[in-house]
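Take a look at these structures.
Both complexes below contain subunit A, partnered by subunit B and then by subunit C.
Coming up: the complex of A and B.
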């Protein structure tokens, strides 16, 4: 009996101790669409989370849920986090937008950050990265490296974000090869290694000799490696999947942003309703080492990267025509952010009809 | 050398038949504890966070109910099919079709409101599911095709049809190109039971009513006798004047209607819009639920709650212990495995036969 009481008391003491230490730490939580080792989008976010643990150390505790499907399951997952003491919750997929807002309304004291969305609230901000800057650079590389002059693009959903990436890539390619063509395959998923691989094969069979993607897995890179063509890594340095295939990769480096926002949340300076859209200059994306290419192409890529970073070059600068041949940007005109964020048209040269 | 043989038992223990789901559940817990121990997690806290933690908070119980609702509704319908020896594997497709047909009004006639809207949506959902289930029933009775194959293949047709609708004609024009219909207005949303506590909607009431009605039908009506008789002995059913073809239609239409109702309650209650996917495989998980509930509608209610718990527990364990979400699938698989294993041992006993004796037996 005495032993039992002693055991219970010590168990209680442990529980009190852990809950006390949990209270000292600020809890930052992450919802992932894919597995955290997807070799792409989700892994890039998880590396950001690990960066937070490394930089903020004992002051912060992180948690994550992976493989959370968009829809009612994501709302439950977000709500579970909101109730489990998370101070700030990062929801890292476009499709979590409405669920994030629904939960945010119920928990006004919890802070929410939604990646790549366009709706905000007093306790919800959005954050995004100017991926199109990287897309422009890889487009230029593709323009130089492709022998057939045709690239393949594995696209997820016809939302502005993705359309913007396609246009940015093609403008880059056409700046070095005005006849460059682009074939697009819509796989209608963010993460499905099988579908992504099938799309890559179909594109290669149609004669493209360079592929790039706006999906989450490293499967297209593996196919490119198998078939002996080139490809660009997406969200994450995929050089391991394609040691001979990868030319470079657009790497999402969310870590510094996460540290900044979690620090702000702890300091009480975090503000809701904001929309953050940083780029190469702010370090939210970075280019992986330029490999498997001649020195002149590498020099061109590095030069372009430096110019975009310094603000000297904006990828969406006129003259640019829309796909139907009408003028979009006049000579020297630079697109405003609003048009980019709502982009629902192709630029000239895309060999595809935008799904409407 | 020893050979293992299964010998059919002359009599099955009624006690163990009733107990087998519980034994299976206990075995799953033990195997789960060993599994957690092997991956280096403390077994008891892991099992606690898996099976108890989701029940400790009222909102989480609501989430459990939301998850269990479609499983119970579908599985209750499937029990009628399986008892009458009609192998409907396509409840997933009927669920989707119910969701689509039930959503027609709020999507195509957005101005239509009023108290009639929700009942109409529910009825249309049931008609949609039943009509879709009628296809394999027709093919089975008219051409003697295998309903397992036809109903299963129709699942993929339904999934792709929904996908096409949500990306095409039904897409929200203001949705920035993202698939999915408009969000339903409040009048087209199934009301919540206790909005201040959590999100559980009226669907659970449908599920329980359906379970009670089917339970009563199977137990105390002539129709129920017909279902069971045709299932166990079609020949005896014919002598009794029952038609196996009519029964195939009855079973498929009933289960299709319930799956369709589950589909529209999920869309109208839990999701609030028609998306390109509306089910994480409820129609297939419901097959496990039906058998775990021993094809008894009351048992199915309990089994649905247990299966729903494995989904929620997977999340809770992921947050508190950092175990992979795949563990939830492992638990579901183990549960079914142990149920089927227990059932086998109730119907059969194991006999170990030495090779020498076995060959002697065969010779004689």
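Coming up: the complex of A and C.
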């Protein structure tokens, strides 16, 4: 009995201690899909986390968990964070959607931010980046730079985010070369350097002379460099892997968003149920320097970037047909965000059957 | 027809690390030890190889470091399972976890760095022969090592006295011990050979296949190598056939996708595994094939009575 009392007392002491320290510092926590040094998606989020520490300094304490698999398994990881005194938890991959909502229901006082998803709750918001804006720009560059008129796209999983990227890229390419073709290879992984390299080789062997990817490693860039063709960096400036191959890269810059939302959470102005979807204009994504291309292509890319940033140009503007030839957007019509976020069809010109 | 050669070259590159790791594990299992830590030793080989190659600027030193890293980690496995007679399955699994964690720690400073690539063979005239020149005379040195390794292991197992002794230990360690054969010493050497091979396979990934370091870059190849040993029913040339079949289906499905046949990509992605299962089922129908080659004391700890 004495032992039990002692145990309870010490447990209580620990609880008091943690709550005291929690009052001093606000705790922001991050769930990562890959290792924080993956050279791609997860690293971009971790740089955002470091940006938070730099900007908010002593007021905030951050924590993260790496290599958390998507799906039901992630629920335990998120719940562990929710129990350990995190004020706000960022779950940084699409596959954490339902687990995030499940934990959020159990912990109504903890704030949750889920990246790239579409479901919210009173204490869950979603945030995303308009990657398709960057994809449209690189598509235009590809349309100008490709001699064969065929690009290769290394895709991960057939989720709306990836399909939207493929469509955005092709629309960009077709805006300068109406006959442009796109070959898509699904590798069904986010992160397998060898497999991504194999896919790049297969695509190049079949005559594409520009590679772009929606997977996390720099391997396709390396293969492009080795075979003397061009490629685009993913999530991250990959110029080191392809000094002669990289044309530009779509860089994820989450830092400012994280600072804004953590500050709001500390100030008590954070609101649940919101869906944030920022783009080039808000600085949540940025283009790496345009290199290895003639000046006129560079000028075109910069011009496109400026027009998208100012809102003058929306990549998904009609006329656009679906893959089967039916009309999706009429002349001048702009797609609404809902359709984009749930995108499950290809636009005309994609040389692939969308996996269902 | 240049594309055919390119496809074959890609298949060879994909199959080489699987083959090397599987051949190493084959020797380990032939001695009666089951080391499930191939994935861990492989990933350690990849990070050690990459780091050493970058620090010295010499890809060959990287290859040597990869081999050493894998062998060193296997020595730990050997100490636990052979000297302390721990459970081999549990120890092997934890070796994989240790390898993945440790490699992440070692590799933290090397992420995103451009690696050093091992040059491919280039013999004037011969390499330029159309269709087959690069396939036979223009690949990376580790490819040739993998073929030599398979032939060497075949010769060792079935043509030398030491090979016969190793197989007899794998079949019945008690009898071998009674005959005065140093069971533990043989097994230590076999385990280290397996570790060295896994390390070499890992170094192939980070120095030849994709010269870069990313965490978990082996991405399950160690497990495939383990399956290939069973697939090849503990016979070197069958393991080679299995590795190349697996590589061919993996690369073939990527080409099928790029050609746009309209076959669901999820089905195509699972083809290599389906093919493996189908062959395993076919092999298992003939009981003689499987039971005759399976080392009878596989996975059983051995404690010599004093």
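Assume the second predicted complex is superposed on the first by the 332 of 356 C-alpha atoms of A that agree within 3 Å, B and C clash if a C-alpha of one lies under 4 Å from a C-alpha of the other, contacts with A are read in each partner's own complex, and residues count from 1 in each chain.
Heads up, the rule we're going with is that contacts are C-beta pairs under 8 Å (C-beta built on N, C-alpha and C of every residue); 3 or more make two chains touch, one makes a residue touch a chain.
Quick caveat: nothing in here was measured; it's all calculated off a predicted structure.
Taken together through their common subunit A, the two structures put subunit B and subunit C in a clash. Once chain A of one complex is fitted onto chain A of the other, the partner contacts of A:53 are absent, as it touches neither subunit B nor subunit C. In the superposed model, A:118 lies in contact with subunit B only, and not with subunit C. When both complexes are overlaid on chain A, the residue A:309 reaches neither subunit B nor subunit C. Touch criterion not met for A:333: it reaches neither subunit B nor subunit C.
After overlaying the two complexes on the shared chain, residue contacts for A:278 are found with neither subunit B nor subunit C.
For subunit A, the partner that touches more of its residues is C, with subunit B and subunit C as the two candidates.
After overlaying the two complexes on the shared chain, residue contacts for A:188 are found with subunit B and with subunit C alike.
In the overlay built on the shared chain, the residue A:218 is in contact with subunit C alone; subunit B does not reach it. In the superposition on chain A, A:355 makes contact with both subunit B and subunit C.
Among the options 61-69, 205-213 or 331-339, the segment of subunit B that ends up inside subunit C in the superposed model is 331-339. In the superposition on chain A, the residues of subunit A touched by subunit B in one structure and by subunit C in the other are 67, 158, 188, 355. Across the interface of their complex, subunit A is touched by residues 57, 59-60, 63, 66, 163, 167, 176-179, 183, 266, 270-271, 275-278, 280, 312, 315-316, 318-319, 324-325 of subunit B. Here subunit C touches subunit A in the complex through residues 3, 6-7, 10, 14, 104, 107-108, 111-114, 205, 209-212, 214-217, 219, 221, 250-251, 254-255, 257-260, 262-266, 269, going by the rule given at the top. Residues of subunit A that touch subunit B in their complex: 63, 65-67, 69-73, 76-77, 79-81, 83-84, 94-95, 98, 118, 157-160, 163, 188, 342, 344, 355. Those residues of subunit A lying in contact with subunit C across their complex are 34-35, 37-39, 43, 67, 152, 158, 183-189, 191-199, 201-203, 205-206, 217-219, 222, 240-241, 351-353, 355-356.
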